[in-house]
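First, the structure itself, so that you have it in front of you.
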Amino acid sequence: MALDKKDIAKRIAKELKDGFYVNLGIGIPTLVANYVPKGIQVEFQSENGILGMGPFPYEGEEDADLINAGKQTITSLPGASFFDSAMSFGMIRGKHVDLTILGAMEVSDKGDIANWKIPGKLVKGMGGAMDLVASADNIIVAMMHVNRKGNSKLLSKCTLPLTGLRCVKRIVTELAVLDITSQGFLLVERAPGVSIQEIKEATAGKLEIPAVVPEMQF
Amino acid sequence: MALDKKDIAKRIAKELKDGFYVNLGIGIPTLVANYVPKGIQVEFQSENGILGMGPFPYEGEEDADLINAGKQTITSLPGASFFDSAMSFGMIRGKHVDLTILGAMEVSDKGDIANWKIPGKLVKGMGGAMDLVASADNIIVAMMHVNRKGNSKLLSKCTLPLTGLRCVKRIVTELAVLDITSQGFLLVERAPGVSIQEIKEATAGKLEIPAVVPEMQF
Amino acid sequence: MINKTVHSVKEALEGVSSGMTLMLGGFGLCGIPENAISELVRLGSSDLTCISNNAGVDDFGLGLLLQQKQIKTMIASYVGENAEFEQQMLSGELEVILTPQGTLAEKCRAAQAGIPAFFTPAGFGTEVATGKENRSFHGKNYVMEEAYQADFAFVKAWKGDVTGNLIFKGTARNFNPLMCGAAKVTVAEVEELVPAGELDPNQIHVPGILVNRIFQGQDYEKRIEQRTLRNI
Amino acid sequence: MINKTVHSVKEALEGVSSGMTLMLGGFGLCGIPENAISELVRLGSSDLTCISNNAGVDDFGLGLLLQQKQIKTMIASYVGENAEFEQQMLSGELEVILTPQGTLAEKCRAAQAGIPAFFTPAGFGTEVATGKENRSFHGKNYVMEEAYQADFAFVKAWKGDVTGNLIFKGTARNFNPLMCGAAKVTVAEVEELVPAGELDPNQIHVPGILVNRIFQGQDYEKRIEQRTLRNI
């Protein structure tokens, strides 16, 4: 059965490793913070200027001067630091952030990503996404495999304006975990009960299917 | 009579204006801090990372963590700030420092300056001098008009490796105050009792002499 | 000690006129120069180019200038919180230049620090790189970006002293320190203005040399855009 | 909370080997990583390229590495305090690359911040610009400079916490913050190592993400080069 958003977040959380600094995008990626595996230490960076971001505040504790990149009130953990936006993106461009998790509208089988602009629709802006995807060595995309019309969002070539070129490393969708390789999308895991056939039909780009494709473990 | 080093510093101090941030080089420029005109406020920047530099400490007050660019122990004044070297040179390159006063081995009548290297002799390095001269809009050079052999150091072309190109605005020597103009060195003032002829003989570069050349006032 | 204090927001904004390019600190509504924005509305200067990470919301922050149609060009990284903005952009009244957030920050910092141009990987291979120099260093591709040039920078700090030294709190820091000294005139408003010597010189975020005018701000609303709470 | 603490200088320098490029913080003898330098002497690694604003004095700071002839190439802005240095430079044993101080700082900062190259006016028209791209922006001439690439950065801070957050004191800050994260591995030694949460998150000069290893330094001499006093 296809995963829900929480399950996608849960699966991505398994990619977290001890000592990782992680930047989480808005949407499904934000949920990843709820599923950090036991026994490992990670720190969350928010590009508006905090490292060591904690959970949302309790009522009465919220502070207008302490928000995340989604403009939500947050808290800070012991060992946290605040800094300006040049330092924040210095961390990102300088590859000091170990893992970036973000959403996408389309991903190509070369690792291109489109997630900021739909021609003809209102453009909100790329925020920090272009800096993040151009810089990180380790980018995981959390996205739906198909759009509401049932069309694949995993393409041979993105149709929307790009956010970044050849940058995505891994994709987790409601159907599968896929890596970007020189052969295109490599099917790594499938969601529990989802058939390879379903994934094949939902993937428009080049799909490499190994002999054995295990089901995701949570 | 030709000025001594203290008098050169005194004359340069008259160039300080209320509200100026000033960077003083090593040697004669350092002495300028002793002659700030009454009634004006200036702040001294030292490129190793302090703004609001104060006088040398009293015995027992010296702090190994508080030095100037000449590695001398210093103090800080109320309103001072400490910062890193990138911020410090950001201030300099960004033209936030209003006046730079430094020494020179040679200056050309185009405003070129040489003050860091004598071929065949030990090279100590340019330190921050190249950043300072390339950035400041307002550079005053404190120097001797002639070298120990009696040869002019105000030339039509520098013979030593350059520190910066077309950057010097004003020169104060033991004999005169001169500005760099499109006509070469413009004689602005002469030291008390020094004749125009003496200055002419001591200047190898192109020298423009106005009808009236007042004596320096202290 | 050089005193940068001005005694009113009116005095602080002296010299602002229509057609100018302004930098405004803040991320969303966090750390925005509320007093300066109010005064800009009162002044009514028009045809402004505003460089700011966001464009406020309909009735607060830069949204107030948009309501009055004072902004001609908006340079920002994300403008999604503002219906008035959308309407003016779609009608062609408002020109929008979208810039990656890190590039926006670095272009301000470059202006502050006298760096005319630098290379960044952000936007390579996208429409953001169109018309800009692309170059490879050590096998990776970069885009050349130039420093901003602005007339005024308006920033908001938590504490400041009369010499212009500034200290920020939490994530209200964001773009504010980078815009100081990045324009011809930098105006800082602070929640608390203290005498020289009260702030620890080791803990100054922005040295006063980068600030031209400082004033004690008033009536800060500090509106929260997304009040998000944890259940007890 | 990610813990960066290592329990000895020996552990802190694990992986250092001959032929590497090292960054070392400090201005003169102010803010130099004394413990790391001692350990480098003990390790005896040779053919090192050292990036540091100065080269120490004969018997302290980088002078200790020069005595042992461990340095092959010195990248600095000013090296005038060191007779051993002079002798090795004149004999050709030591290669010296002199770099304007602001450019040195910015090349470190660029490495930290993922900026591969930038333009600076420093050195235009001088031998420093030889072989580098020159370019004019808005009528002024600039030189293109590239970020440094280094294997280890050794810095010294006043206080630090176990997550690697650093705070500096006075002018001992200098190049130290810029070298953090500018090399593959950054090693910070501190006068006082405190638990996470003891330092004010508003007042961190270097966030721990830029530091790979941190340790409590010992026996700081903090030698003064030019003890200059005022008469009472």
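First chain written, first letter: the chains are A, B, C and D, and each begins at residue 1.
In this text, a contact is a pair of C-beta atoms (placed from the backbone, for glycine too) under 8 Å apart; a residue touches a chain by one contact, two chains touch by 3 or more.
The model shown is predicted, which means the values in this text are computed figures rather than measured ones.
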Shared chain contacts [chain C and chain D, defined touch]: A, B
Taking mean CA positions as centres, which chain lies farthest from chain A? B
Interface with more contacting C-beta pairs, comparing A-C to B-C: A-C
Averaged over CA atoms, how far is the centre of chain A from the centre of chain C? Could you give it in whole Å? 29
When centres are defined as mean Cα positions, the distance from chain A to chain D in whole Å is 36
What whole-Å value do you get for the distance between chain A and chain B if each is reduced to the mean of its CA atoms? 55
Going by the contact rule already set, what residues in chain C reach two or more other chains? 106, 109, 113-115, 120-121, 168-170, 202
In chain B, the residues touching two or more other chains are 50, 76, 82-83, 86, 89, 92-93, 135
Graph class of chain-chain contacts, one of line, ring, star, complete, other: other
I'd like to see which chains touch which, written out pair by pair. A-C, A-D, B-C, B-D, C-D
Given the complex with chain A, which residues does chain C contribute to the contact? 27-31, 53, 76-81, 86, 89-90, 96, 98, 100-106, 108-109, 120-128, 141, 158, 168-178, 205, 222-230, 232
Spell out the part of chain B that touches chain C in their complex, as residue ranges. 19, 21, 41-43, 45, 50-52, 76-83, 86-87, 89-97, 135
Note which residues of chain C are touching chain D in the complex, please. 106, 110, 113-121, 135, 137-138, 140, 142, 146, 149, 167-170, 202-203
In the complex, chain C touches chain B at residues 1-3, 109, 111-115, 161-163, 165, 181, 195-197, 201-202, 204, 207-210
Quick one: which bits of chain A touch chain C in the complex? Just the residue numbers, please. 46-50, 55-59, 62-74, 76, 82-86, 88-89, 92-93, 112, 122-131, 134-135, 161-166
